[in-house]
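Next come two complexes built around subunit A: one with subunit B, the other with subunit C.
The block that comes next holds the complex of A and B.
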């Protein structure tokens, strides 16, 4: 193992590691633009130059790897022998950083006041830390037109520093190869190869995350309030069973932007555009159910929670327990499904519970990295299977058709709920139907009682993804006034029906859910952590 | 050697004058179109060296080239034998030899003469080099504009295949080698060896960061050596005549026959062959007929292609080899010698060069992409009398900040002429500022 020195740190490291990575781990900050951990290192920005003792010039720390030096090529400092010695903040290094900043800024438009990146821009940050503060450039700045690279991504060409992260993303992660450089020298600019092949692969907007400056911007986020005005919360995406880690920027209980959060086991640094932009549908297009409803004279009418609970109690009274069944949801958390199961068992004495599959469509896999968009468009299909047991809703539908089951509690959550003809026929035969859903759907048409359900931006608990990794889900927005978290609905309803589940809040539910789910029983809540835990051993 | 024989090939539009005496080695039999043929080459001893090489161990060939101290003629003067020894002796991937025939350095026109005059000499050198390095693939990457030369090479390769000098089991030696010509699209940067490799792979000619070096990771990821045309053309002569003979031509530190490209204000510009180390003054005044206009004095010479620092008239009594020119703060480079008389404005000359670098910068790395157009813009202002004294310092500083901080040496190549001019001719820059105009160029 090479023994090296970086500034005042002496360290033994694995051969072949990059100086920049080693320094970062040691807490030494080396400014850099073009290097990104998930991508190759062309060393083109030259911002990360460091001094290597004995080298004829400054070395790019992002592309310089350390190896054991042959005996005659060791570096001796103060009588001590090293395989390599680096200085990251010596006068020459500082002077180089200053000059790179000057070069990068001579043609930069300096339009920070209306740039979407302002506040999270490396050019801004580094100018402050490593720059000179004034420019010696007296010439006219070069200007380029701005371009729409694809449906979701704009290029403010003048702001680009040609780090090529975006190109490498399309080459090395998605493998879709939409981006290239056109022209050369000072005229070089990012572009698409052809109008026929715009930047619209499923991960396209990720280029705006990795662009170190404000050149690539998300059409969705364009000119929204300045970034420092937001509250940022962390959770996981619920738009498919991949459960990408996200951070969500909100203001006044509205979501303004969702960005991926690093989780090397789950989504690396990425997320898909569907997941990123999906919140718009919830905020703009969906007429959410906000209060409980009860069917009176053929119409669903808003009622209070008390009235709704009573309607359920009265409606189910006359059935034998074998005539009552439940369908749990792949849109619910593991905790919600666990409580639902308990509710069915304790209050209705029914063990007839199954799960629905939720929406599915074609999966998509990145060509050059393990990133995958799951074919399951619900967040917790795999968790539902683990918690409920391998019992699909088909069994129950069949029993309803045969009029063996007469009353049903269906937890929905699917924005694109569809029913098969068989399911419609079955639902028509039901004598009593409780539906918990996010909006009026094909199932609520048959409902006697409807309870408003929550979506994955509002939930608290855990999801289990397609790779069986169980992760925390946190609410990023507050529920609307009359709504209740679904775990609370189950607790209150059980109590009303005389079969208390023994919980007053959600804290202990996770613990018991884990302990009582065969696939999870070896896991403690504290094991889950910020990166989740693999449930399969 | 007397002034050359001035052979003027009728069929080749751009090769005005090739001067090579009877003692010449590389251009001795330069006489296109006859000298293009395999028959002509063989009549003058061609492919004898190849047979000799096949009778030697591969490593012995490398040792011979090392002993001859053949230094790369592409510009940097890196010892060829040493470079070849970096190639793996055993590899699960094929090894590759690439001949760099991109020749686009302003003032340089030597490789094209070898290609349009004696292409089989290059081919023989390549086959020997490839054999020594155990390469099974070889390419000639030729500048796109050189259409005629590419055709000469294609013909020569076809002849060589037909004569079993290429292909399988060459001359019964058991050694296989394929060879192909790859035409570039006309970018200076594709002469830089890693830019060349990218271009050869069909990509944009963006130089790679080194390490890894081509011998570890070259064309298509295979171990690769890149050598200049003239370097490779020397190889058959070393094998035929031995390292000792080669070293006896010119100074021991940089020996061998050498092609000098002379352009500018001399009476007989052209391509000259001499043993390495010819005195520059002798070359200009004895061989090139002296200054073009008898009433104008010599002012400056750029000795090694546009990238190298300029030297003044007082410094021309110097041997033209790698070490001697380094000693006066310049370089032999590509031996593209640009002679300038007193009618030339040094600011304008430098502006002309910097326009070239700004235009040819690939745009990949920050200092060169941003710095070269900046140099051009500052120089434009100085030349047009719109600059201050501070701008001269700024010019120097920008060049200093490009140098040594880029991915490839094009950045350095843009910086060195600025540094050289300011060192030797700073007073001319100051004069422009003081007068508010160019003192020489009347058109301004």
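The block that comes next holds the complex of A and C.
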């Protein structure tokens, strides 16, 4: 193993590693633009130059790898022999950094006041930390019009520093090859190969995350409030069963932007546009249910929680245990499904519980990386399967059709809920239906009592993804006034029905859910951590 | 702790001093010295004090040569504002030469401490504090100066000191000028007034 020295740190490292990576691990900051951990390193920005003792000129640390030196080529410093010695902040390095910054800014516009990258822009940060503070360039700057590369991505060529991260993303991650450099020299610019093939692959907006400057911006985030005004919260995406890790920027209880958060087991650095932009639908398009409702004279009328609980209690009184069934939701957390199961068992004395599949459509796989968008468009289909057991809702629908089951508690959550003709017939035959849903869906048409449900931006608990990785879900926005978290609904309802579940907060629910679910028996809540835990051994 | 007491003797006054006349005269000299001097007091509101340049009063949003709003909604001012009283929402600019302009630009004048940080932070010289000090309103909402109000203040102050034109400044400036005149005096409005 090569024994090297970087600044004051001496370290033995695996052969073939990049100096930039080693330095980052040691806590030494080397400024860089073109290098990204998940991509190849063309070493074209030259911002990461470091001094290597014995080398004729400065070396790009992103592309310089360390190897054991032959005995006659070792570097000796203060009587100690090293395979390589690097200095990251020596005067020559600093001078190089200043010059590179000046060079990159030659044609750079003074767009910061209206550039959406401002505040998280590497060019700004590095100008401040490594720049000269002034420019000697007096000539006219080159200008290009802005351009729409695809439905979600805009390019401001003026701000581009030609690091080619975006091109490499399309080549090395999605494998869709939409981007290229067109023209040469001062006219060089990022472009799509042809107008017929815009940048619209399912991961397209990820290029705006990796663009170190404000050249590529997300259409959705254009002109939104400044980045430093947000509260950033971490959670996982609920738009499909892949459960990409996300950080959500919120302001005054509204979501303004969702960005992927690194998790090498799950989503690497990426997320799909669907998940990134999905919050818009919840925030702007859907008429959310906010209060419980009870059907009186054929109409659903808003009532208080107490009244709704009483309506459920009275409505279910006349049925025998075998006539009551429940359908759990793949949109619920594992905790909610566990409590729902307990509610059915303790309060209704029924073990007829199953889960719905939720929406599904075609899966998508990146060609050049393991990133996959699951075909299950519910966040917790696999968790529901683990927690509820492998019982599908078809059985229950059949029993309803045969009038063996007369009362049903259906937990929804699906914004694309559709009913088959068979299901419609079955629901019509029901004598009592409780629906817990996020909107007035096709199922609530038949409901006697409707309870407002939460979405995955409001939930707290755990989801299990398509690769059976269990992860924490955190609420990123607060519930509207009259709403209650769904786990609390189950606890309160059980108490009202005289079968207390014995919980007051969600922490203990997670513990018991893990302990009582065969697939998760070996997991403790503390094991889950910020990166989740694989449940299959 | 021991306390030491100093006993003062009443001074003995001579005859002239006992008449108190020299002291009265000295006082009157001071008084009459001030009579011919320039008075600092103004009879507000018939007369108005004219602030010096650099006075930090009511804000305005500047316009460029073409009469377009200069602000580009960069939020530097609201970021710099220690009182957090500026609210900005951006929209796409209708003009070629800039990206965005404010759709909404509100300053809560009741929170503002007139520090001038916004003016200092602005990269476009778009926000400026004017010399207007006597603005008023009837309800709290009157003190939310919106984009149109701030642009209107620019028109009022663009051609020099607002108070030099006495006739104009005789009329008290209503921040909520747009609605102030024709607002109906409803029971609810009166109640609002009485609330504070």
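To be clear about the criterion, the second predicted complex is superposed on the first by the 537 of 537 C-alpha atoms of A that agree within 3 Å, B and C clash if a C-alpha of one lies under 4 Å from a C-alpha of the other, contacts with A are read in each partner's own complex, and residues count from 1 in each chain.
We take it that contacts are C-beta pairs under 8 Å (C-beta built on N, C-alpha and C of every residue); 3 or more make two chains touch, one makes a residue touch a chain.
Just so it is clear, the structure is predicted and the values come from calculations on it, not from any experiment.
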- After superposition on the shared chain, which partner residues are touched by A:100: those of subunit B (first), subunit C (second), both, or neither? first
- Looking at the overlay, does A:162 come into contact with subunit B only (first), subunit C only (second), both, or neither? first
- Scan A:63 for contacts with subunit B and subunit C and give back first, second, both or neither. first
- Between subunit B (first) and subunit C (second), which, if any, makes contact with A:228: first, second, both or neither? second
- Query: Is A:113 touching the first partner subunit B, the second partner subunit C, both, or neither of them?
  - Reply: second
- Message: Between subunit B and subunit C, which one contacts more residues of subunit A in the superposed model?
- Response: B
- So, does A:42 touch the first partner subunit B, the second partner subunit C, both, or neither? first
- Task: Check whether A:184 is in contact with subunit B, with subunit C, with both or with neither, and answer first, second, both or neither.
- Result: first
- Message: Per the definitions at the top, what is the overlap between the subunit A residues touching subunit B and those touching subunit C?
- Response: none
- Residue numbers on subunit B that touch subunit A, as the complex places them: 187, 189, 204, 206, 208-209, 358-367, 369-374, 377-378, 381, 391, 394, 401, 404-407
- Message: Show me the residue ranges of subunit A that touch subunit B in the complex, using the header's touch definition.
- Response: 41-47, 49, 56-58, 60, 63, 96, 99-100, 102-104, 106-107, 136-139, 142, 161-162, 164, 180-181, 183-188
- Quick one: in the complex, what on subunit C touches subunit A? 72-76, 79, 88-92, 98-100, 123-124
- Query: What residues on subunit A touch subunit C, complex-wise?
  - Reply: 111-115, 118, 223-226, 228-229
